[in-house]
Amino acid sequence: MTPGRSSGAVLLAVDNISLSFGGVKALTGISFDVREQEIRAIIGPNGAGKSSMLNVINGVYHPQQGTITFRGEVRRDMNTHRAAAQGIARTFQNIALFKGMSVLDNILTGRNLKMHATFIEQAIYLGRARREELENRRKVEEVIDFLEIQHIRKTPVGKLPYGLQKRVELARALAAEPILLLLDEPMAGMNIEEKQDMCRFVLDVNEQYGTTIVLIEHDMGVVMDISDRVIVLDYGKKIGDGTPDEVRGSQAVIDAYLGVAN
Amino acid sequence: MFYREAGQFKTSYQADVAIFPIRQDRIAIALIALTAFVVIPLLATPYLFTGILIPFLILSLAAIGLNILTGYAGQLSLGTAAFMAVGAFASYNFMLRVPEMPILLAFIGGGTIAALVGILFGLPSLRIRGFYLAVATLAAQFFILWFLTKVGWVTNYSSSGVITAQPIVILGYTFATPAAKYLLVLSIVGLMALAAKNMARGNVGRSWMAVRDMDVAAEVIGIRLMHAKLLAFAVSSFYCGVAGALFAYVYLGTVEPEAFNLDLSFRILFMVIIGGMGTILGSFLGSAFVTLLPVLLSMTVRYLDSNLNLHIAESAISNLEFMVFGGLIIFFLIVEPHGLARLWQIAKEKLRLWPFPH
Amino acid sequence: MQFFFEVLIGGLLSGVMYSLVALGFVLIYKASGVFNFAQGAMVFFAALTYVGLLEQGMPALLALPATLAVMVVLALGIERVVLRPLVNQPQITLFMATIGLTFFIEGLAQITWGANVRGLDLGLQDEPIQWVTDATGMAVSKFDLVAAGVAAILVTLLALFFNRTRIGRALRAVADDHQAALAVGIPLQQIWAIVWGVAGAIALVAGLLWGARNGVQYALTFVALKALPVLILGGFESIPGAIVGGLIIGASEKLAEVYLGPFVGGGIEGWFPYVLALLFLLIRPEGLFGEKIIRRI
Amino acid sequence: MEAELATFPRLLLEHAHVRGERPATREKDLGIWQTWTWAQVADEVRALACGLAALGFKRGMRLAIIGDNRPRLYWSMTAAQALGGIAVPMYQDAPAAEFVYVLNDAEIVYAIVEDQEQVDKILEAAPQVPSLKHIYYDDPRGLRNYEGVTSIDRLQEIGREFDLAHPDFYNDEVARGRSGDVSIVLYTSGTTGKPKGVCQTHAAFIVSAQGGCGFDKLDSRDSILSYLPMAWVGDHLFSYAQWLVAGFTINCPESGDTVMTDLREIGPTYYFAPPRVFENLLTQVMIRMEDASPIKRGLFRYFTAVARRCGAAILDRKPVSVSDRLLYALGNVLVYAPLRNVLGMSRIRVAYTAGAAIGPDLFRFYRSIGINLKQLYGSTETCAYVCLQPDGGVKFDTVGEAAPGVEIKIAEGGEVLVRGPMLLKEYYKRPDATAESIDSEGFFHTGDAGLIDDSGQLKIIDRAKDVGKMNGGAMFAPNYIENKLKFFPHIKEAVAFGNGRDSVCAFINIDMGSVGNWAERRGIAYSGYTDLGAKPEVYRLIGECVEEVNAELAREGPLSASQIHRFIILHKELDPDDDELTRTRKVRRNFIAEKYGVLIDALYSDRDVQHIETLVKFEDGRSGMVAADLKIEEAKTLPAADAREAA
């Protein structure tokens, strides 16, 4: 990977974040930063708190302690709507598509923040409402084209195989034209070809749109290939942070991964 | 089989997102409109108008309302009739107390009041989901009806609690004949159905469905749950309110709050389930089904009765109706949860692919 | 003050009857995750069957087990025809299915036994108990007291059933986690059948008591609607919740009727429980005894 | 043809002038059919041309064009031609290595390619192609950080600026074009030796296109789906030459794997596909019908039977009984029309197939359900334009009559010679090849053997080099006979012998699939191929096929002598691994003749059983002996019938 990318300005910084459910500590004093245009991976054994970290970043969970700095703004915590409005999009570990809708509609929902027509305008379907519908449809079609899912455009997502659903979910996130893209195990449960495709897409997104990406991934090969810097979590604590090679070398990481299958 | 789609390609998104993208469908819908607006008024009997067509249309509108809330936004409501009642009595009071009030405006006003009440009772939906919410809407059903009976002011202190709807006069023309009333209802329902369809296929509709299918994901992509849910309650209640007003003014004429009891709420819920949740078309199909079934049922029973003289009591017929509806609901939920609309859709697909099965 | 207590006690006693109906809901909900809207219809059905059988000249001692048998059969039928095909469907679907069920049962009941109102005499008069009146000057209905007693007994039995018997424990396991229960080889279908059977029995008791008090008629089904706020208050999974909820609702609605009613034109017990429950919901969505659910994503 | 319309760029300007607002090009992109009017296309082409000129593209230069059918790739052909340049479309699926030869042979300096994939390939080839200087791409996806390649958008920007600076430049350049100029070089994917660049002039293609358009009454209202390789002469005639001559609309599919869907959406009125496409379609139809409900299957079976009986006749406006007409009309409502619709062929007026022999049943099926499918004959050297089948005069075994302006002559050895304005100017930088294929009288030697039947239609029977003579002096065309045999589903491969013999004999490979089924349905047990092939029932079955072929041959005058007298069902399937077939499954006749000499001798002796042992390679690479006693079967032959009664 081009090492230069990790020297960009800091886009997101989390500082000393702690999160717990009832008594259970999910994250303890986590701090790291994400620089513009880089691909940042979060790895760690199951239950290390990776997903919780993402959920904190885009405001699904509210940490008891610590601050989040996004685009220079320091905050106690995020809230989902604000996060979305400020350009954070994400995908989920177990697919969170809208099962009752077509691929096209799913991706269109990704653009809801770009549409401002009131429901009355939409009911009459003239002027702004109509214009927005068509403009955003075009945007969505570009995403569809980008992710090569033209052939399933009008299929209900429920009918799609797992790999494609993952791709559609990515499409929905991309449709929002995010600045920061959070991917929660984008390649989990995929076969080799699907993984390769997904890797290609992640890299293309990063290159084509200059999107900063934070991803959780189990497949070490993938992580080492595509990420600029890697954070290693274990039992809610950060045990490693650096370039793939640095991390690969670190004893703490090796210990954490001893016996862990992937 | 009748479809000839080869060569019907889209050169603009406008054409691609049209409600009826296929030419054959456009032709069909045109024919239906023609029959509804021209043929039927010429042929139908007064009974057909007042006994079947008008209630069918009005209840379709209510069903659309409930469908928006339950089918699209996924918030189950058992209080539909109550919101209809609000619409009816609000319109009545607008007509009663505002001098020179145009009746259409009164209907809209009624709908608006219903919408406000809807928002009020929708508030719990922000904290609770599923049948907890259903119970909350029951509260609306009971409270509102109680309110309408107890507070004399709304019924203009009529001793019996029964109100008599004012005559429908628009631009000096009085809608007295069944045919005239039918056409009025048809136009209103038609327009509102179109509006509903537009919302459903637009950003609003997608937000609703997103909230229905996976609220967390919806939130993460920037949809405001509160806004979406309350809007669903408001729009839904508005539709029910207008339906209620029409129910009172065009169908019943003289109304008491009891006309909008829990049973009516259930009937409309049945229309949505049988017709198909999350489709506008389904609301009409369901309404037609629920309106016609009793008629057919009693006709057949009477027929059997007279021919095989089984001496079936009137009450038996209504109970039979109960059982059939109950059975059908279960049947549909088990066999085709998406209702008649889906069945229609499947049939249509078959026709499009004819002679191939898939 | 004395009057207040009189109302309160009256309320609490009728509250026990609500709990009785609510119990039916809780039982089924615990076992099969179904919110059985048809419970009220079952109450109605039970009472009507019993009365019907009596009218057919069947002696009460025979009619009782007979009705019980009918109820169990009905319950089994429901489990087989409605629940099994809908297993693993969203709860809301099951809920709507039971609404359909309600209509079906009501129709069935009235077609078989006719729709006219019947009286039901259990040999209990709804009259003040003399010695209580003498002692405290308060009028406490004998009927209510007995009804409450019966309800109390039933509840204890259920509690025992749940905690002491094998089936009861299995049932709790099922309630906690279907998959796990299946894994350890608990026959789900069978459990459900039993639960629905028991629910049927409870319906019978409730039906008799309510029927005896208000007459056996369609209105009985509304008792179920009364039970809903009870459940919201108590939480769907908790038997104690059902009882406490019942008492609160019973008492509060009576008090409200007596002390608030006059100012707003009366008849408020129709909705007051709901509004109460609703307000309560906003504060504690999972009910008094229900567990808080953390939704993972 | 009036002089001022003698080149493609001028035709384009003409269309922009007379039908500027009508659609010229469509492409399925971003979910809808993006449409460009003739005026817009003219403008785009102008920008492209000016861009190229601004960057030094000179008259007579050749522009390489590589990619799937994309509007801007078609347009860049015209752009090059407008500057007096020559378009050189190349096969987009070829590997980089193959690019090298063509790029060098055509001395390519400028190349316009479709996307990242093609860019990667051409950059890989570039080091070995010194002349190549400028590369432009259509689809920017993934090409952000590439060095030394420019996007067509940029090219057009430059062009528009240049155009502003030199307003008259474009029109002057177009005016300088002559119809005799070479407009395109098409490289023949030569099976033997290096590919040859076929130089065709504007005139040649324009004349051919006009001929074809007139012949089938094509006009600006027609539309066609452009999905075949741009480097292939057929696509250049249908999607480019006829497009600019008739002024109809070309439609570019979204991608290779959506062609069928796009076909269904567009519903073209004019369609071309090689036989295998039609074959696959039919197989799909049959497979999909398998899962249909019994009623539907019944309908389908009944009405396809009706169609087989009278469909073709009705299409050819021949007399048909009233009852049949009614039945057909009914079938049209219930089956044919819906079927045409789902196949995307409802609106087809003219459909052509060519390039290989098409099975009569296949051919008849499409015609019988009302699709006007016809055959044509031509080659790269003749602008794919020699013979066309006229409406109403369609036969499954001919390729039609001489196209307008084309002269056909059958040479001594039966080779088909053609002469006309559509002939190639020359092979690019290959005077030798040019000389050897065009004789002194200006006739082009097609290399195909054929004969003109009594109705004046040409029948292609074989490659000329394969045609031999029998002792009786009659012409012997093995492929022709073998094809006839292979049209039977039961026969997988056939090898005919007769060159220098008194009679024709044949080896036959049965088709395990269909014969296997056939046997099972009759409860004939068999252990494997060899066993099944030896069954007397199977011999009888194949015998019937052979005799049908004989019956047909008997009616074909000069070929009646080629009837098959004796045949053997081989004990093993001919197999590329044993070098009996080429990788493309063409029989290697001589090799087989050697390897199975014994059998041939037996065929021409009076023995009726022959023992043979053959060495075979198995999948796992091991090899072993297969031994068998093969029966030799006589087949009935008929006296040469008078061809007239047959036709």
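A, B, C and D label the chains in the order they appear, each numbered from 1.
The rule is short, and it goes like this: contacts are C-beta pairs under 8 Å (C-beta built on N, C-alpha and C of every residue); 3 or more make two chains touch, one makes a residue touch a chain.
In this text, all values refer to a predicted model and were calculated from it rather than measured experimentally.
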What's the fewest number of moves from chain C to chain D, given that each move must go to a chain touching the current one? 2
Let me check something: if the centre of a chain is the mean of its CA atoms, which chain is farthest from chain C? D
More C-beta pairs touching across which pair, B-D or A-B? A-B
In whole angstrom, how far does the Cα centroid of chain B sit from the Cα centroid of chain D? 59
Separation of the C-alpha centres, chain A versus chain B, in whole Å, is 41
If you average the CA atoms of chain A and of chain C, how many Å lie between those two points? 49
Which residues does chain C have that touch at least 2 chains other than itself? 297
Using the touch definition from the top, which residues of chain B touch two or more other chains? 13, 16, 216
Can you tell me which residues of chain D touch two or more of the remaining chains? 31-32
Residues of chain B that touch chain C when the two form their complex: 76, 123-124, 127-128, 130-132, 134-136, 138-139, 142-143, 146, 149-151, 216, 262, 266, 269-270, 273, 315-316, 319-330, 333-334, 337
Help me check something: in the complex, which residues belonging to chain A touch chain D? 137-138, 141-142, 144-146, 150-151, 153, 204, 207-208
Quick check on the complex: what are the chain B residues that touch chain D? 1, 3-13, 15-16, 353-358
Residues of chain A that touch chain B when the two form their complex: 58, 60, 80-81, 83-85, 89-90, 92, 96-101, 105, 108-110, 112-113, 115, 117, 119, 122-125, 129-130, 132-134, 137-138, 172-173, 176
So in the complex, the part of chain D that touches chain B is made up of which residues? 26, 31-35, 264-267, 285, 288-289, 291-293, 296, 299-300, 334-335, 337-347
